[in-house]
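Same chain, two partners: chain A is paired with chain B first, then with chain C.
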Partner chain A sequence: MLTSPSGLRIRTIASSSRPPAALLVLAAVVVVLAVVPVAHLGLRALEGGLETLQPLFRARTLELLISTLALGLAVTVGAVGLGLPLAWLTTRTDLPARRAWTILAVTPLAMPSYLLAFSFVAASAPRGWLAALLEPLGMTAAPSSYGFGGAVLVLTLTTTPYVVISVRASLARLDSAGEEAARSLGSGPWAAARTAILPVILPALGAGALLACLYAISDFGAVSILRYDTLATAIYSQYRLSFDRSAASALALLLLLMALSLVWAEGRVRGRAARQVAHGRRRPARVVALGRWRWPALGLCAALAALSLLVPSVTIAGWLVSGWRRGPQLWDAVDALSDSLVLAFGAGLLAVAVAVPLSLLVSHFPGRTATATERLLYGLYAIPGISLALAVVSLTLNVLPALYQTLFALVLAVALRFLIQSVGALRGPWLQISSHTLEAARSLGERPPGVLRSITLPLLKPGLLGGFAVVFLSALKELPLTLLLAPAGFSTLATDLWDAAREAFYGEAAVPATLLLLVSFLSVGLLVRRGDVQA
Partner chain B sequence: MSMRPSSVPGRLCRIATTTALLVGSLALPVGGQAEEPDAPLTLYSGRSESLVGPILERFSAVSGIGVDARFGDTAELAALLLEEGERSPADLFFAQDAGALGAVADGDLLAPLPDDLVARVPEAFRDASSRWVGVSGRARTVAHTTTEELGLPDSILGFTDPAWSGRIGWAPSNGSFQAFVTALRARYGEAATREWLQGVLANDPVAYPSNSSAVEGVAAGEVDVALVNHYYLLQLQEEHGEAYPVAQHFFEGGDLGSLVNVAGIGRLDSSDQPDAAAAFIDFMLSAEAQRYFAETTFEYPLIDGVAADPRLPSLASLDVPEIELADLADLKGTVELLRDVGAID
Partner chain C sequence: MSGMTKAYPAAVALDDVSLELEAGTVLALLGPSGCGKTTCLRLIAGFERPDAGTVEIDGRRVASPTSMVPPERRRVGLVFQDLALFPHLTARQNVAYGIRRDPDAVVRTDELLELVGLATDAERLPHELSGGMQQRVALARALAPRPSVLLLDEPFSSLDQAMRTQLRSEVRQILREARQSAIFVTHDQAEALTVADRVAVMTRGRILQVAAPEIIYAEPATPFVATFIGISNLVAADVRAGAASTRFGLVRLIRSAVGDDGGHALCLLRPEHFSIEEAPDGGASSDGWEVIDRRFSGSQILLELRARDGERLWVEAGSRVRHLGSGDRVSVRLRDVETVAFMRRSAGAQAGRQTPAPGKLPVVERTR
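Presenting the complex of A and B:
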């Protein structure tokens, strides 16, 4: 997950000096790696002249554009509408078992959207287990999961944790002085919240909402399972079933532009929002007593946990039972597990390695280069996986055949796409290292390696772990890049699960689904323990 | 804010960059591709891993030759092979239908196979120039629910009747379905095929990602009928037992609704392991592999001496429509037509 840029202003290592050449070179390499595939996609879309772009000007494209935007909007509203109260309840109130609810609210991060979609489809089928459950209540069928409603539900549940995490972090850092001042001047609790809290958490809320929206418009797995056509599904279909890739490339560019405009728009809004300034000691926030409101609050938390964790668990348990009858296919799953781990470790390590210097650049050398690099990384993250995959396939096949269908190209693409998550996790720790600390250490006679060992590394360590874990988790769940870029013979838990469940061989999907969830629960657990996701 | 330029940031940067490069170079070898002398065969498979995975493993166990498979839709892999051309890493193409093999053969990408290999399969189920050979046979069929009496039409062409509105499931991205549409085009022409597709689309068919999920859709009560291949139902009955609420119907009178097609294999001209590739095809046409297709995937075996599942009508008794499989090579035209009418995006 991305953490919103910290509002804290600490004297930086070198706020007035130009970034060193090494950092600039690295930033330039990342820029090239990010821009080249996209530029190639553009060329590819245009190579056949305007004629090949004709499919873009069909009425169907407009329909897809509208359906994609509608989904993005609805999911953003849903994720903010659920995430904001959830974040507040778990940080500022006396909600019973607050810590447990926090963990439950964050855990759906481990749940891939396509798995949640499969679960809802299986549960709500006319003869599925939900229908059996509802029958005694006099309902003949469970509501269908297909179409717009199902897609909004599944993607809202998937993206709510992003809003929760982002807003919680901001609420936890919030100095209650402003709120108290507002109350002492006679404002009611709501007015105080509006004037003293909302403006401060707005950037975090905006960042969370942006993530939810980007996720929704670029999601490909869940919407195809739920039969809701968007640009992403159309790109995939064009890629798979077309003898001419220009149309797919053109659609991919369109989706890319949509994502980047959202990033730009959010940046504008955030730029205008108030920045929190922390001085002196933070005052612990007052805990709000919920009183009898705690019942509906508990109901909300429980309903969300049930939908996003219980429904898939029950469904997968059912798959395991039916799969057992066919005989366990543990060995295939072990192969897939090892491929998944190779991809996730590779991408995680590569991302964190590049993120260490890049986050130093963005945290300590504010300026045009840092801003541009950060925007670009955000842009890369916003590039829908399906668009990036198409760009890399085409680029490696036509320009860099030595990298075509290699594991390296896959790992590189996945690491690049999620790089900003790693940078986000490392930015905070870098900011804690001010030049004063380092100079103090040196003036006390510490040699540079000693400084590194005794100050820099310990302070960076949480960021290194967190920056690795977030990319690890994202790579584990990643689907479109892996589907298109995996070399022959390489299949991950995610692709195995996808293939089996698309064939409706749910029994076969059960083992990879279970393993995938176990590993991603573990990595979310790591994040929670680390405090990235403060419980 | 002015600050004395200190050497600390510079050193920090260097340390950070070095760490990055070190860890980065550790991650690099993951992608290194060693060219071993007996490198595994690369197979592009339009047939899903669940269907052919076990027999691929069996081949490796018997021959000692590894197989790296890339699974995808048949049309996707055909298009990929045509785009890759000579640069393709693939040694073999295992397609779900003869049309896709024909399309790749027409791109001059397939090498002729040894005569003794192809001769094991009846002429109707292989390429006249031996560039691909059928491995197993499959008939198109209509899977239908058994929970109510449906009154199925006499011909596949009858599903344009508005009475079928909201009741049809199909898998328009699937290679076998596309081969069927190519057959419609070959027999009735472009305009009539377009009209049929539009007629079915007017009935709001549910588009499933695969044949088996379409049959599961019938079982789950989402649709009443699904236009699929014959063997999915038998596999699902195997998994769910005889109470599975779906049966299937074969059309008579040479109707294209019961078109018989093959899944087949071609060897890429660009393969650097033609012998190993031929050994793979040899194994797929062995009694052991043919029995696998007959007994595990419930397809029609194509060599003499191996019998199909007794629950199936024999290939000879099926009133096979008169279509040359070689006429189904215009996959590109079919995909374009399907896109044009809006059956696929």
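Presenting the complex of A and C:
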């Protein structure tokens, strides 16, 4: 390149790597909103000096740490062990009714872990329907769902879809060329799978496993109901029962650090993983004929669907029937439904509104700002809900009392927590819109507002819908933030269910559970149909 | 369109570039990647602002450092390298986009779809069309609003060789018939020479020469142009009185001005300037050349020769010596031709070549 004395430069409108100031300001606001509560939590835990940190050095804390880690590990192993074969069966084999099984494999996304836990407890109770079913077989009682085993089962079923979705996407993108090259170089089918497929899908598997593990260690509802003590349940009981805020803060900080170090560790491992290099035309992968293995494969799929969908559905149906006899409590549930919808719509709309510009930043202006913002949002998503809830409570109570237990703070916290999902849904559509696409429209005589209306919005539409639906669904199922941040008198389907579950009032859970599942199935259906969740 | 001038010295991309396009003609901007061709187009289209200089279209000033007419009001059509078709619109909707408020939009769209041969595929979405068809949609879309000037950025680079050749001649015909002024950017010299009425050769943000393709080939203005276009041999010469004396004898020069009398120069000799014969004595004579490479392209055969002293030369093999291959020895004769020569001083500065190793004869340069 020549450098001439004039030193003049040409600046481009849309293809430069410098993002517009407005985007940077928005990113800064989001960053501040995300960092402040967490920083505040850290400060609170530290300002009391060693005294505040005292609870961390009790033997009880070590026990909780171990029980949390054990749960995380077991659930990760379970979710990978089930999710990997399920993903492979539904993408690369001639499994009968493949599409149906795929949908069944991802539908448990709609099932909140606490509802699954609650229905397991109810089904396996001494006079539950599972016990009745097992009686003729000579078993006096169904196996108990309480404790470690139950928690691992419920959370594995809840998190397997994350592994399935992540690995399926990677397998679907996988070019058959690598596998064919391995075969031509003398590897058998198994060796080829191990050497040519596994390394390429490893990042996706890692991402799925990370989600499963994060979910398990930060889950609050299911482990409470299943009476398995983890850091999350201890934080809540410290906060609710003993009103010991600083002990709760210290534990919340510990859990938060645990989650973030998992994210960090996974990032380190992934950094070295292989990336697929695309050359030429991709060919769809070969379909493996299962032969006799068809039956065990079908058995696996059916067993999973039965446990994660059939058991809770039958249980809830049972509640509905018995609840109806005692007279319907529809009106309470309608209140909860409307509160749930207010929260879910509010958080979904807010998240999409912020995600549109943020995903533009992330997709079209790669650089340090974009990377930092994205990482931070991932971090926020990884932070256990109960830790974030406590951080926001503490911040609003001490610094911004005007916001303490307001609907605004709740919606904001929920939207921020799930913002990355929305950004993820919009990134793809944004990438489809190159600066050239917009320039083409302008060179054809369209002014900027017209370009927005005729090109940008139609192309973003799927991302807008997907980005909304995914946050809507998350907000609908959200429990710990709502429990701690909701204004007085504000109760959602999730919190109603939680109350019913804690007192084992199955009948009261019937209507909220049904409504929650209906709305949540609808939004998963929307996501599956749109292809956000590839089925 | 009466004419267009622009001149903008810029540090990075463009350095005092001026171009003028005659109405109804096609100009090719030819140069290696990164030479500023695309920046040039984007300045004309209005997606970049010149730091100095102006752009005029149809006598109307559309850009200067202080004033900018927005792209949508410039009447400039644009075909992007990546086509930038609207993925959510069908071929027909893409073509109609720029004229959808015109009363005769339907007629005009049909006419254009017919023109580019897409009438039967009009209702398909871009991803359902082949690469060549997508190209035609992009072209028709840009032509639809009858732009004053059509700009094409490497329009054929994404196509395979056969499709490229076919589409090239189609586009040329379409532009001719519509008497459409157009500028297209390419790094492919064959494309520039076949499609354009005039070719502007650029490198490092400067325009080296603007001329008809034949002139560019026969009378390149600089050694860079000579080596960038076609296959060339630059042979050491002494320039005296409108002629260059080379190891092949005296060559007449087209432009006497080039030869400041008595200078060391590089004389451009194209492969077709030579005739060769099989050496009768098996290559014993001192001017014997050895064939070291052979390139067959169907219509012609090029041979690369090496002299005893190491000098290399590309020559065209006539019909009588088509059978020659590596290892054969030939004698070389220069035909009666006129060519150009470049003074050595400027040649070295221009392309930044290394000084040749001592004891070796410097000079033959060849490039595809």
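To be clear about the criterion, the second predicted complex is superposed on the first by the 496 of 535 C-alpha atoms of A that agree within 3 Å, B and C clash if a C-alpha of one lies under 4 Å from a C-alpha of the other, contacts with A are read in each partner's own complex, and residues count from 1 in each chain.
By definition in this document, a contact is a pair of C-beta atoms (placed from the backbone, for glycine too) under 8 Å apart; a residue touches a chain by one contact, two chains touch by 3 or more.
If you're wondering where the values come from, they're calculated on a predicted model, not measured in any experiment.
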Message = On the A-aligned overlay, A:407 touches which partner chain: chain B = first, chain C = second, or both, or neither?
response = first
Ask   = Which partner does A:202 contact after superposing on A: first (chain B), second (chain C), both, neither?
value = neither
Message = Let me test your reading of the model: by the given contact rule, A:322 touches which partner, first (chain B), second (chain C), both or neither?
response = first
Ask   = So, does A:440 touch the first partner chain B, the second partner chain C, both, or neither?
value = second
Inquiry  = Just to be sure I read the superposition right, which of the two partners does A:458 touch: chain B = first, chain C = second, or both, or neither?
reply    = second
Ask   = First (chain B), second (chain C), both or neither: which does A:22 touch?
value = first
Request  = Report for A:106: first if it touches chain B alone, second if chain C alone, otherwise both or neither.
outcome  = neither
Inquiry  = Which partner chains sit in contact with A:337 here, chain B, chain C, both or neither? Use first/second/both/neither.
reply    = neither
Remark   = Of chain B and chain C, the partner touching more residues of chain A is B
Task = Return first, second, both or neither, reflecting whether A:234 touches chain B, chain C, both chains, or no partner chain.
result = first
Ask   = Overlap of the chain B and chain C footprints on chain A, residue-wise?
value = 11, 13-14, 439, 442
Query = Which part of chain A faces chain C closely enough to touch in the complex?
reply = 1-4, 6-14, 432, 434, 436-437, 439-447, 454-455, 458-459
Residues on chain C engaged by chain A in the complex (per definition of touch) = 9-15, 34, 39, 42-43, 45-52, 70-78, 80, 82, 84-88, 97-98, 141-142, 144-145, 204-206
Task = Report the residues of chain B in contact with chain A in the complex, numbered from low to high.
result = 1-3, 5-6, 8-17, 19-24, 26-28, 30-33, 40, 42-44, 48-50, 53, 67-73, 75-76, 79, 82-84, 87, 89-90, 173, 206-207, 209-210, 212-213, 215-216, 219-222, 239, 332, 335, 338-339, 342, 344-345
Inquiry  = Taking the touch rule as given, give the residues of chain A at its contact with chain B in the complex, in rising order.
reply    = 11, 13-17, 19-20, 22-23, 26, 60, 64, 125-128, 224, 227, 229, 233-234, 237-243, 245, 322, 325-326, 332, 342, 346, 349-350, 352-354, 356-357, 360, 364, 397, 401, 403-412, 435, 438-439, 442, 448, 451-452, 456, 486-491, 496, 499-500, 502-505, 507-508
